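Per-chain numbering from 1; labels A, B, C and D assigned in written order.
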Amino acid sequence: MDELAVDTVADPTLDDPVVIEGLPGVGHVGSLAADHLLEELDEQTTLVRRIYSHAFPPQVSVEGGVASLTCTEVHAISPDDARDMLVFTGDHQAQHAEGHYVLADAYLDVAEEFGVSEVFALGGVPTGELIEEYAVVGAVTDESMIEPLEDAGVEFREDEPAGGIVGISGLLLGLGARRGIDATCLMGETSGYLVDPKSARAVLDVLETVLGFDVDYDSLDERADELEDVIGKIQEMEAQGGMDLPSDDDLRYIG
Amino acid sequence: MDELAVDTVADPTLDDPVVIEGLPGVGHVGSLAADHLLEELDEQTTLVRRIYSHAFPPQVSVEGGVASLTCTEVHAISPDDARDMLVFTGDHQAQHAEGHYVLADAYLDVAEEFGVSEVFALGGVPTGELIEEYAVVGAVTDESMIEPLEDAGVEFREDEPAGGIVGISGLLLGLGARRGIDATCLMGETSGYLVDPKSARAVLDVLETVLGFDVDYDSLDERADELEDVIGKIQEMEAQGGMDLPSDDDLRYIG
Amino acid sequence: MDELAVDTVADPTLDDPVVIEGLPGVGHVGSLAADHLLEELDEQTTLVRRIYSHAFPPQVSVEGGVASLTCTEVHAISPDDARDMLVFTGDHQAQHAEGHYVLADAYLDVAEEFGVSEVFALGGVPTGELIEEYAVVGAVTDESMIEPLEDAGVEFREDEPAGGIVGISGLLLGLGARRGIDATCLMGETSGYLVDPKSARAVLDVLETVLGFDVDYDSLDERADELEDVIGKIQEMEAQGGMDLPSDDDLRYIG
Amino acid sequence: MDELAVDTVADPTLDDPVVIEGLPGVGHVGSLAADHLLEELDEQTTLVRRIYSHAFPPQVSVEGGVASLTCTEVHAISPDDARDMLVFTGDHQAQHAEGHYVLADAYLDVAEEFGVSEVFALGGVPTGELIEEYAVVGAVTDESMIEPLEDAGVEFREDEPAGGIVGISGLLLGLGARRGIDATCLMGETSGYLVDPKSARAVLDVLETVLGFDVDYDSLDERADELEDVIGKIQEMEAQGGMDLPSDDDLRYIG
């Protein structure tokens, strides 16, 4: 296998599609959101590409005894009443800086093959505390893109995210801009400690407004409720003094 | 030396050989098993390739004052009454992710030179506790391969190994599948704390059933008995309260 | 994007320009000094190049909602009454050794496009204690360059800096010398614990003498005063026994 | 600069020279020994090559204010009454595994330009305790080389060094053998805690016997005596209970 290998699984014609990137990251917000889209719209969904790379961990996942090499999967979704989408998901981001650059360019190459001129990178922005109101913070490649997104409920803040955007979502904006592609990063606020379906829901609400698709959120809300129960029990135990607040490390594995 | 160098030592003609990979890993299960095959069948064994790589540690081993550069050795075994084998062993796996990919492809290239269409990657799967019954867990490149392996005693479990298979064994499956090679990973259950000859024996029992070779296990069983003695003494000391259970780090060096 | 990409933003003709390098480093001395030059001489300043590289972190910075890919910016300054300058600034140095070499050569390539034959790399040299008198220590590519710099107040010391000069500043000297470019490193003494505008001022004082430009230091002095206040309060609290001296880690984030 | 750059400083004709490698390593034994040769035979010594590489740290050293880019220096020594030598010294080994391979091959390329067919890699082997009798342990590329070296006082031991030989010395043997060059590693026993001139002396004693040169050891012995004084004082303080034995980290910086 070359350092980078893009396998074509199908090659449907898409109508002015947008890219949705939902690789793993803070609170798994982006991957929860993208996976939810794929599940809810699975009848309009086709797997079109698998992208393999030496920058991924040297690893197979195993399901029911059958091994699959780590890759990024690209699905095309053609909803009946909304814009076509090209959704990038997978279990891993690149393992090193150079790999992020190479993969971001590979993703954009695939996007351009399908005629994409607009990219939405989904992710989470950590706040360090449990969230009551799930705001969605935005970053864009051009100032003119801000106003319509604000109308859809996205917040743009002077100095956030403070450390910039690291990883594939950041590079889709940085390298997208160099190609003249309009790219937006939608970051759901999340504690940073938990897998966060509520934050994913907030991001999807924005995306739904922008792109016009229509999906059911029951399964995502259910998952959020289950998580609430877990958090509630933890807080109760803490209130009774029977347990210290879980450390960040503990929380990281809840959900 | 180029980044990768494959030295031809001998070039025998083999009859429909299978690859056996036994590089170091969890519990040294794979390397114990492969080395045992080479020792027991040494009269039918020929060293055919040495594979050097910049991805290996920059190191020579020294035996009796003579230095040898770190490499993977490939031996051909032609047993009288069983399928030919091509056995990959050595002191090291690659030191980084990209090296794993490059070496896995190099191994598969050598395999294809000899007409191989089937690969067995041997290893251990850590359970975190001492093992009573040594099960062998399997993973394959195609669902159709599961049934005959189950008949040979291999267990296929819904979600195991949970973290997938990392390193050369995983990639032989992942990259093998991309070449149309049937690859199987046989993972002996092992505590993960000890070099584990019993787990290696369990893996060889399966392999013997599948490939039909016939080897003696006395030396492997002896080594297992010695290890049992060590563990017994540790447990005794612990029972007398004279010593804490050895930590993982202590156990890692027993055997 | 290639591993290295140099975007031309403007291409003014410069008259015998010198390079000023002020990338982040010890006490942010070099970047404070270079940024101050750009601010004070902004009417004579033009952005001429952006240098992108896979050796930078995979990251965008976000200002007012708009993302910019990590890069080194090159500004040309043509002061009315002093030598032209080519100023290299940015948020990041390379993330690994090889990247430092590649970027240093890229910077020197840009410098040579503009006819540069002289380079000043600005930085700090850590002393481990708070500084009273801000000396500027020098290193050059040729012994003949020492005397005129000593006349401008630069100190050359037998064995300093003891560990040599690491990173981009060091390589501009090392690789500059190989191209026949006269390169000087001006290192302001600094505690190493704090962002240090006073040390940056000391470095600029030397540079002003050598290159003849004329800038106002009010904003830099103000920033230094604010920092003095913070340090004063810390020392007071310590004197009252109410607080331990801040550790290195604490101090690192002051300023 | 390319990833690797070999600058020719002089090109004398040498008569059947041997390589002496003395890069930094355990106890600085190899570099002390090689530097001592260069100092004592400096009138017969010529700098012939400088080898630069992206695998070295991105760094200049500074002496008397003048910066020099990190490199390996190659000196030719033509003693009146002994074999010519090509001595490799410098402040750094490569910073990563691949760099070690690339540099070892570069050194061997230079060696072959000068017609070298024999290499001596000098180093230390750590024993973990202070040494009384300084044995020199050997490793070679071919068994036939052992006997003459044993006659010169080198010890060959069944399983030493246990972990093999890591870094440039190991690779000069490993890659030298692949080119048909006879390579020997001479490892002076040393505690591993201290810069060790006595161990360097032991290695040079062997080398003197093998190659027939004749050098004075006063400066090396003096340095050893100074070190003995320091160790003596430490042991005295410890005997008086006034001080704990210095930790490994303390000792690492003595000398």
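Criterion: a contact is a pair of C-beta atoms (placed from the backbone, for glycine too) under 8 Å apart; a residue touches a chain by one contact, two chains touch by 3 or more.
All values reported here derive from a predicted model rather than from experimental measurement.
> From subunit B, how many touching-chain steps at minimum until you land on subunit C?
The distance in steps between these two chains is 2.
> Does the subunit C and subunit D pair touch with the same residues on each side or with different residues, judged by whether over half of the numbers are shared?
Different-residue interface.
> From the centre of subunit D, which chain's CA centre is farthest?
Chain centre farthest from subunit D's centre: A.
> Can you work out the whole-Å distance between the CA centroids of subunit A and subunit C?
Those two chain centres are 38 Å apart.
> If you average the CA atoms of subunit A and of subunit D, how many Å lie between those two points?
Roughly 53 Å separates the two chain centres.
> Residues touching two or more other chains, restricted to subunit D: which are they?
In subunit D, no residue touches two or more other chains.
> If each protein chain is taken as a node and each touching pair as an edge, is the resulting graph a line, ring, star, complete or other?
Its topology is that of a ring.
> What pairs of chains are touching here?
The list of touching pairs comes to A-B, A-C, B-D, C-D.
> Given the complex with subunit D, which residues does subunit C contribute to the contact?
94, 97-98, 100-102, 104-105, 138-143, 146, 156-161, 164-168, 170-171, 173-175, 177-178, 183, 185
> In the complex formed with subunit A, which residues of subunit C make contact?
My answer: residues 1, 3, 5, 52, 54-70, 95.
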